[in-house]
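First subunit A sits with subunit B, and in the next complex the same chain sits with subunit C.
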Partner chain A sequence: MTNTLTSPIIAQLPGVFEQHLSDRKQAEPASLLTQRDEAFKTFMLKGFPAYRTEEWKYTNVAPFLQEAFSFDTTTTVANTTVEELLKAAIPAGLDAYTLVCVNGKFQKELSQVPAEADVQITTVSAAIEAGAYAPHFNTEYDYKHTFEDLNTALFEEGMMIVVKKGASVDKPMHIIHLYHHSSPLFAQTRQLWVVEEGAQAQIIETLVDPASNNAVLFNNNVTEIVTEATANLQHYQLQTALHHVRIVHQTRVHQHEDSVYSHFAFIMSSAAFTRNNIDIVHVGEHIETNLYGFYLASEQQLIDNHTAVHHAKPNCNSNELYKGVLLDKAVGVFNGKIFVHQDAQKTNAFQQNNNMILSEGAMVYTKPQLEIYADDVKCSHGTTIGQVSEEALFYLKSRGIGEAAARNMLVHAFAYDVTAQITVPAIRKYIEQIADEYLDTFANN
Partner chain B sequence: MATENEIIQQLADKAYEFGFETTIDMEVAPPGLDEDIIRFISAKKEEPEWLLEWRLKAYRAFTKMKMPDWQHFKMPEIDFQQLSYYAAPKNQAKYNSLDEVDPELLRTFEKLGIPLDEQKALSGVAVDAVFDSVSVATTFRKELAEKGVIFCSFGEAVKEHPELVKQYLGSVVPHSDNIFAALNAAVFSDGSFVYIPKGVRCPMELSTYFRINARNTGQFERTLIVADEGAYVSYLEGCTAPMRDENQLHAAVVEIVALENAEVKYSTVQNWYPGDKEGKGGIYNFVTKRGICKGAKAKISWTQVETGSAITWKYPSVILAGDNSVGEFYSVAVTSNLQQADTGTKMFHIGKNTRSHIISKGISAGRSQNVYRGLVTVGPKATHARNFTQCDSLLIGDRCGAHTFPYIESKNPTAMIEHEATTSKIGEDQVFYLNARGIDTEQAVALIVNGYAKEVLNQLPMEFAVEAQKLLSITLEGSVG
Partner chain C sequence: MMLNINDLQARVEEKAILKGINLQINPGEVHAIMGPNGSGKSSLASVLAGRESYEVTGGSVTFDGKDLLDMSPEVRAREGLFLAFQYPVEIPGVSNMQFLKAAVTEHRAHKGLPPFTPKEFLAFVKEKQQLVQFDSQLMNRSLNEGFSGGEKKRNEILQLAMLEPKLSILDETDSGLDIDALRIVSEGVNKLRSKDNAFLIITHYQRLLDYIVPDFVHVLYNGRIVRSGTRELALELEEKGYDWLKEEMHLQEPVQ
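This part shows the complex of A and B:
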């Protein structure tokens, strides 16, 4: 059944890891080094996920791991270049704090940070040394992918954001992950965010890897998030990277009682391969989780979204809506899991995935999945695969709207359920504009 | 009025109603599986060389296969060498009329509520009764023969219609399809064969009653139904098995071929021994059922009411190869105590304008686990394919589980696929409403569940619908959570 994945990276890794570990012997706390060592052993035992295994049934990562990757993230990019790149990455009209990471490392001098009383930004290793946040790092999880272990073993320096107790950050924080490299780079990005009791924040993430790099980037990102009691976090992922980028993005959220976590994933990139894993674990009662996603794939892109919500406690709600539009020969994969544990009575869990296939050759594989072990629950899921309604198109055309414009309008209407949930107007405009550009290019071909 | 807990207790304590064992002399092969036993079975059944070769090919494929690990239940360790692969009643005389059949055997069927002679007179159902693998009585042969319909045991079909069997055997479920199908192909003992000639509408519903009777005997039925162009047949399968302690493996294979404009309706009511309330004993029901709509405008419809078995693991499927062909799947799966079910369907859309419709109703009570697992796949050439799937789960009690794993794949921009699923507990307000009108909780639940499952029960032929409703009530009556 299991077909082992072969990649030149595997042979390269032990050497890379040994060097990596010895570089850090002095600087990092022993507990972190032990975790790195264990994670690496686990990874080497299991390897990259094999195609056709249940979690990677439709997604073969092998073709994206064939380059001779470098793990060296040192770069000598000029600050002026960086500033120019950043300017291009910020959605027009977005009023936000900017947190800049270059090749995975936080750059304070390039960033505009919120007041320290509200938000504290440090490195993960410093946080572990301080002790307070060590329990939140690299937490146990039954469904961990080996990509996460690889990240734990090899990440250079992670960014830790703590939104302080009761703080309400006045503007969204926009994290820009900038990559600069001239040869194929396999980069690990590591983040740990803690939103303390009663705090509120909006965090936006963008990945920038300019075309001038012209070399493949494989970005293995792990973000661990904790929302403490009554905290509220809105998390926007704007994935707009270019064709030479490959992304595996793990987001794991531990939600405590009465907290609200809303995730917005917009995958409008031309990145050849995107795999997002979002895992939500409910630690307390009366939690609300919202997961919204919109993906627009074209050419030969592969976009794979896996989400899992673990309802472990009673009286929690989760809401999930993912919509996708597939053009050209693109492939869309969706897998949404809802687990309702035995004690999680009075759970409400809703999940929906809708897809539009607009070209011959595009494919959709969707699998909404419910596993329910409690009886006093209301759970439902729905999924559809279809296309632009001919009748709606006819209606618009009969009113003098051209075919292309009408199609564009209907796709926007399809996405509306998701885009309408965006609370930052500048982001909504940005997303809609990108969608327009895509559809125009598609219509003109 | 009994309290909730009392009712649940009563229900849990309820012994298996059809748990009795018939004592008839059996001829049983020694336990073990190797090429010799396959040759033995083949020789016993006086089979031609090609069939033996096919069995051996399947056996060789079987030895190379591994047990799958994706199922949502703990796979019991099955030692294939501990099973006996052949059991047949000793007095194998050919009967001309029912009077000649062993009276003990007839009594068994009577207890199950299907007296052959009564059915002959009343329901117009031809029954090919399979008693541990060997067909012992077949009724209505004459009437069917007039129409050219062939309805006989598999063994007879091999002897009398070898060309048909050879043409279609393994054409839908290949000998190496999956581990249990391969095992079945290697050691299948008997089963039923149906052929409906061109343009014939089968005048009656065909039915086979299975019973598993001998201890330690895996039952390996093989059913092959071929509906030629423009033919129609409705086929019923119903099962009950006597109570016993050891788990029994049942790995049957059903193949259906529907040619142009043909329609096959296959209905199952399954009530095999589910094990006692501690989960001891019970049948493993690992069945491969698949039909192919070979020609244009063909239609295959599966209806199943699954109430028995310790583990039910099957996915009746339809390959929609012909243009404008239709596949349907209606299912009610009930699990209680420690029963487990991992069942659903697969619809393969290959031809143009193919349509499929899936309705699945799962009901879980006690500490049981009930899984719907389905696959809908639309190929690149299946333009304007259409699918609608609805799977609902009803939970009774807080220690059971209901799970949904739908796999939906589309490679076509003109396909329309819809899937929806809901899970909820039995409505307290509905029960209260009925209570308030003098209907006790036990009856109220039976009423609600029957209403819930009605969409599926309506698909069953009259004779079966009655039995199915009875079964639902027996399994679930009163178990309100």
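This part shows the complex of A and C:
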């Protein structure tokens, strides 16, 4: 059976790629051009992921790829407009550096950056040219998602962040990915972050594509992250985009010995389609990985979280907790893979995915996938799908708390295990407020 | 009259539980309902509080002249009806403080009053906390989660004190309380008694009624109030148990 996805983009792509490559012939190192070429060939061979295949069993991406997309991210946008939009994107009371990207390109003059001695911000292509970070780019482990190949082929200059050895960045860095376009845009954005030995940082990401753009955004982002020995990175993704936004985000993390990586995915958007892939690879011992997620989905939204943790070395811990609330006719997908390789003795790996369904038409597909090849390990996983407890609801109502407010309280309570892990108070407040607004909108519909 | 229950019938999952209850409560009165397990005491409390799993199949209930059965549970509460649960619900992730604040705010809004400022609220909580000697450590914990039986019951009475209801229904508040806790809870309730409010005390044992002295005692059996009287009735039940009642009832009502 052939199961190929048809999209007008496929016919468009060879021309787009050829132009892209010839634009870069002078500026980019040969090694990058070669990688782009190979990635493009691979993509053309595999195409977009087909519905019902292993990794895309419940997620049909085809309906989101039918527009006449432009791949041109060049834009001129008035700084005053940008500043207005940025203000709206910053959580109240958040004291952070702001790193602004417009259509995937870092805008230094719009940003407030940390001291250069602590953090170095360049482009991915410049970093590859300099050589030192080239090995961290486009790394492969297990297998690559086909969207990643498309990204490697077509991304523009990309953003490279290096948190320097031993640095402890005094405030979180808030990256605001702003988009400006007037026709449907297919944006391939790329990031490469290296947190060097002993360094500590918190990075927050927000995507802003204002309604005034009046056209679909398909954002295919790849973020590659390296935490060197004893580094500690907290990574918050605040996904709050509007309905016309479609997201495929790939986060690929290589962790070295004694490092800690904590990922927080808050998906409380109206974006029609979200697919988050997180792949974590342990390349040293005594590593800690934390993956926390909370998703709220309503109307006809499709929210798909795929995570994979590769325990390749002994004495490492991973801890994953994803919670979701589904309303209306929304569909949630969770797939959590844990691979414990033969060498990875004394692994502790925990995974939980809990879902609350508040409407009859909503659905969730959840699948833990554990493959364990070592014998001295502690692994556990669990999934639940439930409703609001009628007992709890009646108890709250019997104290005079209204139906909608009582429901909100119980949803907050449900999310509590996740929100309590947030270490930046302004972010926690922001998340709780957005969740309130989200549920209020649902209650008033 | 504050509460007028007239021939109230209700069922749960097709099973008739309340089979024609009549009860009138005036402001200032304390009524006790006693009866063996399974006789329908909690069911009566649940129907009055508006638990949705019960279906009212006949009769009427007015509360301060308004049709109680027509109101949602939250409106009943705001109108001044309070049920202290036999089994208070544990809600992980909702802090006790946040819960009390939400409830008090709703009650005040219903009366056209602005929410307390954080400072006013803290002072209010502190005052009421002392009334039932509620451990302030429990305020920032999740609602009832991991509370001992006694702590849960005290929390119910704390809520009662904060919401200042017209009619309080206490469903076996004494069960699970040791003698000291029983005394503290009863003293709290006695301090809250006034000529304007009323209490309906459901209990299996007469012990509680030594502390909270009722004006009237009713015996509920098999979904009906089969006997009403004064305090002496409770003492009589204590002495004789419920078996004589059962025998007497079987004589009157042929076994089906």
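We take it that the second predicted complex is superposed on the first by the 443 of 445 C-alpha atoms of A that agree within 3 Å, B and C clash if a C-alpha of one lies under 4 Å from a C-alpha of the other, contacts with A are read in each partner's own complex, and residues count from 1 in each chain.
In this section, a contact is a pair of C-beta atoms (placed from the backbone, for glycine too) under 8 Å apart; a residue touches a chain by one contact, two chains touch by 3 or more.
Since the model is a prediction, treat every value here as computed from it, not as a measurement.
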Partner chain(s) touched by A:Lys367 [first = subunit B, second = subunit C, both, neither]: first
Which of subunit B and subunit C A:Asp376 touches, first, second, both or neither: first
Which superposed partner A:Tyr416 touches (first subunit B, second subunit C, both, neither): second
First (subunit B), second (subunit C), both or neither touched by A:Gln342: first
Partner chain in contact with A:Thr80 - subunit B first, subunit C second, else both or neither: neither
If touched residues of subunit A are counted for subunit B and for subunit C, the larger one: B
Contacts of A:Ser22 with subunit B and subunit C, given as first, second, both or neither: neither
Touched partner set for A:Glu403, first subunit B, second subunit C, both or neither: second
Touched partner set for A:Ser359, first subunit B, second subunit C, both or neither: first
Shared contact residues on subunit A - subunit B and subunit C: none
Touch list for subunit A against partner subunit B, complex: 1, 54, 58, 342, 345, 355, 357-387
Interface residues, subunit C side, partner subunit A - complex: 49-53, 72-74, 76-78, 82-83, 85, 88-89, 91-94, 98-99, 102-103, 106-107, 110, 142, 159, 163
Residues of subunit B touching subunit A in the complex: 66, 68-70, 72, 378, 380, 393, 395-425, 481
Interface residues, subunit A side, partner subunit C - complex: 389-392, 394-403, 405-406, 409-410, 412-417
